[in-house]
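In what follows, chain A forms one complex with chain B and a second complex with chain C.
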Partner chain A sequence: MFPTPSFVERVSTDLQRDLLAFLPELILCATIVALLLARLVTPLSRKHLGSFALLASGCALAFAICFWPERSAPIGSVPLSGNVEGFSSLLVFDTFGLYLRVFLLVFLCCSLWLSLLTGIPDAEDSADYYTLVIGGILGMMLMASANHLLMAFVAVEMASVPSYALAGFLKGRRQGSEAALKYVVYGASASGVMLYGISLLAGTFGTGSMPLISRAVAVASLGEGPTLPVLAGSICILIGLGFKLSAVPFHFWCPDVFSGAAAEVGAFLSVASKAAALALTARFLFVFSGSSRTGPDDLSGSALALGWAFMAAVTATFGNLAALAQTNIKRMLAYSTIAHAGIMMMALVAVGPRSVGPLLYYISGYLLMNLGAFAIVALVRNRTGSENLDAFRGLIRRAPLLAVGMSIFLLSLLGMPPLVGFAAKFQVFAVLYETGRDLGGHDGMIAWVYFGLLVVAALNTAISAGYYLKLVKVMTLEDPADPSPIRVSIGSGALVSILAGLVLAAGVFWNPLTQYANRASQSFDLAPKFEKPAKIPKDAVRPAIGPKGKIK
Partner chain B sequence: MSLDVVLFTAIASAIAFSALAVVFSRNIVRSALWLLFTLIGVSLLYFLLGAEFVGATQLIVYVGGTMVLVVFGVMLTAQQQFLKIRIRPQEWLVAGILASALFVLLVTTSFHLGEGKNSPPAEPMPGSGPLGVGFLTQYLLPFEIISVHLLVVLIGAAYLARAKRRPGGNRD
Partner chain C sequence: MTELGLTPYLCLGAFLFCCGLLCIATKRNAIGILMGVELVLNAANVNFVACARYVPQFALEGQVFALLVIVLAAGEAAVALAIILNFYNNHSTVDVDKADELKG
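For the complex of A and B:
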């Protein structure tokens, strides 16, 4: 029962390597503890801890960038395609995960900077707010690199539960509390459904490890195809992920939560949470598309893809149609988030390196433009006390910088060239077209699904012009009810200008970001191979917890 | 019929009955108490399966800890208007449809579970020793990271529960 010395030695060498690769996450953990301890020290107990949190996240970001695959890698080396498994293969370090880790940390830094500028939280609540935000980001980073269903579930919970508290962060407001409560109830049921799915899959395959499951699915697809428990399990997991993505019909929480929570929290939920959920979905769908690459006439892969395509199309269309009628800007942005989630889900219909690159580009562009839009909503709210369309009336006369910035972000969300939104949408459209064209040869029906999605996506862009351009018109062409100018602090101006500049720059020069995204997507290229499924080792389907399996 | 089957039937029906009672009682305190029996029943199922460690954990954590908190929470917050739960017919309808869909899905899939496998594994469930080694070796990451998660959640809960000292404090 007790481990031998050689076993302990091997475990500790592995652990050292893994912990080194895990350094950014460890820094965040330490920051959480430090934020709490700071409250015990009298001189710090009343201080605003935002700058400390920002500094620590900056540190984590620097380390995450240091671990970029092509640099000197303390992890050993993360290969460009394929991956390195860490923590006894519970996590996976690959370019995809490392890209998203950097992305999430960039978002964390931007969002902490924004919170310093807008004054939510105040000094008294700052420790709590930053603990929740950093804790949530930590969960999302784990979501992006989960390699085991157990880890995936833990990570989803780590990302969700702080979000529930953040949704109700503005206390004493009925709307905020209602939003938090709704979010908790929906979120708990979605987690429950996801857990059902996970236990079905783990029970069927005798393991939670995603590569092993992928292999077993591939083997099964050569025989009679996936059994009912596997299908039911994967559908349950996709329902749980669909909730995180606010995909229709699991989107009910999204508008209420966004309009009830502070705009800063809205940015957190719409950018970081979506990105992490998409990453996990990509990993998960990839596990199940293992089957579809064994043969073109496989049903399960395409059935799953068909359902996913339908959900994506409905999500995008519903989000855009519902956004047309909104007068509260945060509510409008919530529906816009749903619509964008739909477009990003479309990119995942064809899971593979070709579609993951554009998806990563889209997510990165979405960070810039959506964070910018929410930042301006927060800044305008601080000065006018309102988040309705009326507060933006004639904004160009009151705060030209904010109005111009907001117009850039909105036009980018719409997908106007030469902004980043156009580049992102274009790449997703191109993937849909190319996949459809390539499939046209041997599978006409599926090819039409891609062309259909392309049409839906194009129509959606046209619909979304309705509300984005309406807001631009209200800001620029109409007269303000209260013409007094809005004072914009230097820091806020800098944040808005930097984000707007990046939206423009990344839209004009796609190449650097596209290259990074495409390189990151390479890890989806070669991961599992199924040339000779007959040689799958017997222990591929072995109980995860067995007395013999513990100590190898 | 072996003893296993008899015991399982007895425990499972007790769990099902108390779970239904949780849903159908109008009084929230009674619901909480029925939940206690559901959780005890689940821990008995674990014991029946030979997973003593999980069963004991279930007893200690859920029955001993969580349930006491739930009952206290219910009693502290159950004011006059919250004491009785009123459910409108349309809520029954929607919840009923969703729940029965999930029920049908789970029942049909559980009859297909274990298809193609000959026999259950003969090895006994690992005791606390291998589990403990597993926590510190193979499953070290979730074991440790959950403590960070619990810390964060604890702070979130404390934040939501505590009163703001200075309402509308000095916002910039």
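For the complex of A and C:
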């Protein structure tokens, strides 16, 4: 019962390794504590703490880049392909998680910079705002590297609870409080349903560890197929994730929350939380598909893939059709977010390493263009006090830089070459086509699902041109009601130019980002193979503390 | 005393879950909806505790799950109540049907 010295030594070396790999998250934790304590110190209590938060996040980002596998960091190092399980296999450090961690931290830095420029938290509220944003990002980073159902649920809650509060951050506004109320009511229900699903799944398999469950699912699928609790549990979990992804029919919160909350918060919800939810969904889909039993495309035969494909197609189509009628720009961007989530879900239908690469590329490109679009909405709101289409009328005469930047972001969201949106959509379409073609040989019906998705995706791109180009037309061709120029500060100009430049650069030179994304997707290639259990180190997947509380 | 076995507990969990969902779907009072959410979370907790008792290799994990869920539910309820209070300050009601200004 008592731990032996060798056990203590192994645990302490493991802990040191895990904590080092966890350093970026630890920095964010320390920042949160520091931000909260700063309110107690009299000279700091009235200061705007944005620059401190930005500095700390930059620090965390630098460490996260240092731990990137290619750098072959000696500590906490993750092999270029493969994964290391940390904290008694609660978390997994693989290239997929590390890629998303860097991406989320980049987003955090950009969004903190944006909040400094637009001044949405004033000095009084700055500590609260940055605590919530950093806490939310921390939860999303954990979502991206969760390896255990408990960790997944804790991470989802860590990411959503700050989001609820952020939606209602502007306390005196009627619309803000309504948005927060709707978000918290729907969100709490969805996470409750998800937890119930987790309890069924974990109880049935007697463990919450995702690799173990995925092997058990693989074993079960050889026999009589999934039992009722497993089926119900999987469906409940997918409902919870579908809510986070704002997939139809769980999308109704998204437009209301986006139009009620500030544009900065909208950017946070649309980019970061979608990215984290997609990452977690990818991990879950691998679990449910029994983790590459015979091959990564094995799921494609199952009903799960068909259902998922249908949901993705409906989500993309509904988002685009609803966006056509909007006059509030934030609401339009919310529906556009739903549509893009649908396209990203399509990439996940072809579960496998080759679909995760394009998905990661899409997420990265989406970060640049959607953050840029929300940033411009926030900047225009600050000058004109309106977020409606009318505020953008003739923007080219009033603020040429903002109008050109917005046009670049919108055209990229539409998927025009040579912008990053085109490259991202192209890769998703290519993966759908290739999967369909490869399957065509032995299962014609399923292959047509992929070709059907391809057609839906192409039609959606055409529909989305309607509202994206309408806004571009309003900005450039129509006459402004109030021709007075809008002053753009140097910092705002710099942020918009940098984002627009990156959208253009990443669209012209795909290769570096694509290579990183594909490398990151390789960690799914090495998910424990069912046929060769000998390859899995025993300690890696087994909980550190075994049944009956016996310590191994 | 005879052992009941796992099934009755799972049925209790499922019953609580359905009650919670029904409460969420029918209540118009935001606090009532929040209570429905708590029912759903507790349904999951009944499952965890029962499985911890009857599934040998889940003994510790199940209890840890249950403890963390209690903590998370408390945190979520605190934030939700704060948001409901803020809604009340702005709208003088906690009826979710009155939250209809945002639509389209």
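One rule holds in what follows: the second predicted complex is superposed on the first by the 514 of 552 C-alpha atoms of A that agree within 3 Å, B and C clash if a C-alpha of one lies under 4 Å from a C-alpha of the other, contacts with A are read in each partner's own complex, and residues count from 1 in each chain.
We take it that contacts are C-beta pairs under 8 Å (C-beta built on N, C-alpha and C of every residue); 3 or more make two chains touch, one makes a residue touch a chain.
If you're wondering where the values come from, they're calculated on a predicted model, not measured in any experiment.
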Which partner does A:Leu170 contact after superposing on A: first (chain B), second (chain C), both, neither?
-> neither
Could you look at A:Val154 and tell me whether it touches chain B, chain C, both or neither (first, second, both, neither)?
-> both
First, second, both or neither for A:Ile32, with chain B first and chain C second = first
Report for A:Val356: first if it touches chain B alone, second if chain C alone, otherwise both or neither.
-> neither
With the two structures laid over each other on chain A, which partner does A:Asp128 touch: chain B (first), chain C (second), both, or neither?
-> first
Answer with first, second, both or neither: which of chain B and chain C does A:Phe87 touch in the superposed model?
-> first
Can A:Gln326 be said to touch chain B (first), chain C (second), both, or neither?
-> second
With the two structures laid over each other on chain A, which partner does A:Val11 touch: chain B (first), chain C (second), both, or neither?
-> first
Contacts of A:Leu410 with chain B and chain C, given as first, second, both or neither = neither
Could you give the residue numbers on chain A that contact chain B in one complex and chain C in the other?
-> 150, 154, 157, 161, 164-165, 168, 171-172, 180, 193, 196, 200, 203, 229, 543, 545-548
Hey, which residues of chain B end up touching chain A in the complex?
-> 102, 105-106, 108-110, 112-113, 115-116, 121, 123-124, 126, 129-131, 133-134, 137-142, 145-146, 148-149, 151-153, 155-160, 164-167, 169-172
Interface with chain C, chain A side, in the complex: residues 150, 153-154, 157, 161, 164-165, 168, 171-175, 177-182, 184-185, 188-189, 191-193, 195-196, 198-200, 202-203, 206-208, 229, 255-256, 259-260, 325-326, 328, 331, 543, 545-549
Could you please specify the touching residues of chain C with respect to chain A in the complex?
-> 10, 13, 17, 20-21, 24, 30, 33-34, 36-37, 40-41, 43-45, 47-48, 50-51, 55-62, 64-65, 68-69, 72, 75-76, 79-80, 82-84, 86-87, 89-91, 96, 99, 101-104
In the complex formed with chain B, which residues of chain A make contact?
-> 1-3, 11, 15, 29, 32-33, 36, 87-88, 90-91, 118-120, 122-125, 127-128, 131-132, 134-136, 138-139, 142, 150-151, 154, 157-158, 161-162, 164-166, 168-169, 171-172, 180, 193, 196, 200, 203-204, 227-229, 232-233, 382, 543, 545-548, 550-551
